[in-house]
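The following blocks contain the structures, represented as structure tokens.
Here come two complexes built around chain A, the first alongside chain B, the second alongside chain C.
What follows is the complex of A and B.
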């Protein structure tokens, strides 16, 4: 739509959530996206806060947030928007046959693609390690013949470390009938299990396993929703748990389908292959955003603009000259760590956040962009997700949590339902 | 005379921007349909750049349908599908085409021949039916299970001569394209009616030729060059005159506005492309300026809209769905079920029929489940595929506007 109430730029989790929240309030929403959006690479767990500023493990994310510095995005978003945003996310996913399980007050372990454990606040049902799953004596990694990116032996070595030495470990090979063409991907297997034949085939190879077995598999149980996982679970005596995986990430893709279906039903106009490049501004208001089509430029007018372009990682913030980061659409002020020595931290996964990763757009508590003096630069523009200054999602494990909560807040502010 | 685009805009170099994120792989509909295809990332940016030699061809390259889903998925602007087309072009410079390629790549000369003969269209349509029932199409390497598009007895260009239009200062040039001229002239007539009603005079330029897309996707890159140069000349001429060129076919318009530039990398192609609009893109722009006439009769009907892939790639959203909101009683639901699978002449090739139908399955299911009164879609080959896969009528959205305006 050339004229809408809300224009969202970017189709990562933050942009999708902002479009959803706005459309649910009855707004006319247009979503511009350059590239399909990032959920296909997202591991699909909702991390809220895994580590604090000193890289100490956080067990209770909600408490952990209280101890963050004042300029951290969570401090601006606030508890209420975080809780309401999460609730809204859970409602959406549930409607699309995705069950997320977890709590804001306790992180839980999930198994990664290589068999280590990582912790998160909300995990998709197939990834959840229930109490009962943890008591199983036999741990089996399932190796699918011809599948790239999932190595049974590496998995077992790491699982031994994760689950302790006193269990019985092994690898079970299974065949899918997908061999003969290209290297098999996890998504191929997930699509195969979408079919009745794939389903039956899979079961026939594993139904003999006993109750005391925990099967660890890549996320292969269907490409949409969690129904395939639930149906197969009922037929099996053994317990099954999915791991995260390398891209294309099926758990992220399942989320993407859920959002796409929902946004379509709500009448959100998604404009693909549309790169926002500039804007038209009058005083402290943005009037329109200018985006490249295949051969021209188009203007998109709206009352409210939500900038979800993903910061440094996704082109929302560019740096053509060192120490001169720019936000290319509205030319908003950028806050960043100065000095080359502060910029990076030699230890890639060390105990200090990466300076550059905290680069972002400074906002007030309503998520409107502000200048150094704290004055609002544009009062109908809102900043969400990884565009926000002051956090390193990778270091503190907060990416999807901040994306959901900030998007919810930006789309709700001043809409009667103040968050 | 012809100036190259700057290096970083050339398709060949967009491959360097690939970060191997696999977004294209997770969205490619042909990968979803068959394990035989290696997939966009491997075929285009990875293999494609290594193997621009003549003897070598990626073994599964021919499976790429040019639906361009990969391009749209890519966050880094890699022109994946065009890298594939370029590889194919290089390969066929020194390798023989199957015989039927000659036929499926040159709809224009064939149609000219047929519609130029007295009774030619009727005879040809009958001939196609007979040939099909005798299994001849299949022998020629065409998908025998399909109905071939029927020819009209009177082309759009000859009909245009007898359409009386009001004179106006506001003018557009209608890029007619083969499908409308030779197969579905009623779409062209509807378009003229709609534009006239909105105060525009519609010009046609007989110097335009087939957009060349059928040649391009069949690997005849050198042969297509003639069409490209002719059309680019005309587009630039009209640009100079200040008159936009508008098309009712989203694959023609995508070729004119973007594919030429991507394939041949010359500056004037980009310039020419900026003067091309889709019919509904143009109407939506009028609407945004408050200049679209909205004096519609009411029609109680429920449509499902299939957005063609090449329209998605144009980066202009769903203008037809937006404009049709003005017609009272008309409900438009988006299919949003991916590629239809036909992809120009891809699905007409015998050996691609199954993949083509497999790709379309999701769209067919969606349509059959929703049971709309009719399907609307701006692309002629998508419409053929939808009718073939669902036995539901599929029409161009301009027909809906044309039949609902209140003319004096």
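What follows is the complex of A and C.
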């Protein structure tokens, strides 16, 4: 029989953070994952809150949270869990050579893969636009030959809008020699820069740039940690800044490796390629979760279950027919907006959150699932990340903040370390 | 002032067929269209090349026309037709008496309907409902309306035919009871100009009534809206029709990697209305799942709608009861106005025949006695097998054939040369439809490519299973670097416009896996690119 103190289902940022927090408290933790987890499609920036309900830009996320409606997950999670959770996240990343810089009280700009600016609370070091970086007169986008999804022309067009007309803009093409008749991805280049040869080759093509240059590049400086970025930065006169990128997202992959290594050290049992499909319930307690792998079906028993299977994207919530969303493992009650007009907006990109995106599981302040009457449905199950109801993370730029804070809280509640 | 002997208003299949026919007979013809070509009913339908089986009971004349035209279009538009064949299946709940009438109707109309065993039917279409009680093979096929339209333009251009897209008719000039010209406005620049002509052909489809009104005439056209669903897989390998009295949602047409199910039938006030609703989606699914029981397990890519322009002679039937036939109105004999003729009704499958009849009438008026040759000459030449073989190493797996059919020999040659010269042009911009950067750029540079969506309709970028999720950025970047208009230089606007266009069709089907795909799109474009949060500082 497979029994643990805590069973975490899902290996996106919320699931990984929940497993980490539980294991740090000395619990025996099993992490069930199906597929890669969403960190490979995650921007890697820790957005806490970027926009309010009316799509007005939020400059101070902590203050912005205070102004959110009462049913927003942040209101249930609370400020303490957010602060402690972030501190814990920063500690983990630091141990794995990832440096996150920022503040909960001031969003900072980072450059996106198309040259626009985006604001975030905590940015990975290579993305941070320092004061000094902003004073550079020459801005150069690095276009890597054969690389998909990072285009010099579009970068320059938008960088001009982001950094103003007074600077000197240009594209620097470089050839990594990786293009053997097929398109290459940012991850390919990052892996190449993991090697000494890739490192040297890169430097030789860019080392003569002067110190008044800001180089804007896709996140190619290695797939583990920030050491490749730091080493190359020291040898270059120009300043370098990484952008966000389309999947495979290297900043997200770096985070994934950091968590994976940490969880292994903490003895977390990571069960991969196992899809949780059902559960066994007695009264108001979940007893076990049933998961299918390629070859067999197993039951995973635990005292506490943390549901981090995500929303519609990850299959944590499914909706085969209109107005019939389900959570397929515990069949928890789902909160959603009714009516075609409420479900979506006429515009994909507008000034109002999409109704459908708020579909999720309603909880109490302890993040236990509740029914319409507010009664706890299963008292040893906790809901984290995108499984929670009441927020459109794409609209408000809050996904990673909610993931970290809710996971921290769900793993801490009743463990002698109340958040 | 621009002049043409004949001006055709309306860039749908009918108008383009007329442009081609008249041009081939040596008549100087200009076609104007208020949007991009094929924006009305000609692209907003199943993409079904009818065998005529659909009309075998109700209208055998239409059935005969269909089977004749079916054979002709396969020949002249080889690279537009996917000769997948069709099935008519009767379910145990359908009236058996209709089957007998239908078999007789096919025989009388010259449609080869071949009775096959149920065992054979389930072998060739394993997903068919077990409620099927009889099945017939017919020569239905799938046809690409966009490609056929642009190839018709190619064909017409060889004989001097001209087109102007994004050009809206604003006024018809009449002098002494004769049409002498028109005023048009460029909808992108607002520029107005006058075009002189001897004959004006109203081929406006659902808009034909409004066009006639500009000359003070009345033409009864009832737009009849049909909603369709596109699924992201081939549900069947054949066109699958329900063998019963024609009804909603009973035809499945496979196209490349997708399937189209349709359609509903609803009279609407204006052909501009292409809105679709959850209710219509539900209706189509409820009927469709009678033929394919696991229909709801497929992802719906999008819903879309178009209007059949049903001609309404005074006192006629409406909706599905109205004739799918066509009518030519000579306004000289009907209204005493010389130099203007209208063509309405009909269907895509018979558009060439309609064009032939119209061209006959116009040529008679012009004293031109050249015969129609549109049934004999291919629209465009084919890319040779040898050339394709040579180019194979440059394209993604199945991409050579797709590019060859989309491009035709001349463009194909240029695209191959560009890819040979610069390997970066081999970048696959759109994985779903196998579109390379070189092909995209070839089309984007043409004078009729004003906005990104125009290039989409030509290349199929963004029309496949990802619905522009990945390729919107790539296409906008390619367009910015080679598009010739100012619009091309605002890549965020192009991306947004492109994705909002896709959203219109996704919105009514926001359930199942569409939810997942939309979350991906929004995650990338709103979160990773922040295209919805442009900075004001």
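Everything below uses one rule, namely that the second predicted complex is superposed on the first by the 416 of 419 C-alpha atoms of A that agree within 3 Å, B and C clash if a C-alpha of one lies under 4 Å from a C-alpha of the other, contacts with A are read in each partner's own complex, and residues count from 1 in each chain.
Note that a contact is a pair of C-beta atoms (placed from the backbone, for glycine too) under 8 Å apart; a residue touches a chain by one contact, two chains touch by 3 or more.
All figures in this text were calculated on a predicted structure; none of them were measured in a lab.
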Once both complexes are superposed via chain A, do chain B and chain C end up clashing or fitting? fit
Return first, second, both or neither, reflecting whether A:338 touches chain B, chain C, both chains, or no partner chain. neither
For A:137, select first, second, both or neither according to whether it touches chain B, chain C, the two together, or no partner. neither
Check whether A:237 is in contact with chain B, with chain C, with both or with neither, and answer first, second, both or neither. neither
Figure out whether A:253 sits in contact with chain B (first) or chain C (second), or with both, or with neither. first
Quick one: classify A:56 as touching chain B (first), chain C (second), both or neither. neither
On chain A, which partner's contacts cover more residues, chain B's or chain C's? C
Return first, second, both or neither, reflecting whether A:1 touches chain B, chain C, both chains, or no partner chain. first
Tell me which partner A:285 touches in the superposition: chain B (first), chain C (second), both or neither. neither
A:114 contacts which: chain B (first), chain C (second), both, neither? second
After the superposition on A, what does A:94 contact: first (chain B), second (chain C), both or neither? neither
Across the superposed arrangement, the tightest C-alpha approach of chain B to chain C, in Å, is 6
Chain C-contacting residues of chain A that also contact chain B: 41, 181, 247, 315
Note which residues of chain A are touching chain B in the complex, please. 1-3, 30, 34-36, 38, 40-41, 178, 180-182, 184-185, 187-188, 191, 247-248, 253, 260, 264, 269-275, 291-296, 298, 301, 314-315
Spell out the part of chain C that touches chain A in their complex, as residue ranges. 277-278, 282, 296, 393, 423-424, 426-428, 470, 473-474, 476-477, 480-481, 489-492, 496, 499-500, 503, 507-508, 510-512, 515-516, 518-535
Under the definition above, what is the set of chain B residues touching chain A in their complex? 21-23, 25-27, 31-32, 34-39, 42, 60, 71-77, 254, 257-258, 270, 273-274, 276, 284-285, 287-288, 312-318, 321-322, 334, 336
In the complex, the residues of chain A that touch chain C are 41, 43, 47, 50-51, 55, 57, 109, 112-114, 116-118, 145-146, 148-149, 151, 153-154, 157-158, 161-162, 179, 181, 183, 244-247, 249, 311-313, 315, 319-322, 340, 343-344, 346-350, 354, 356-357, 393-395, 397, 399
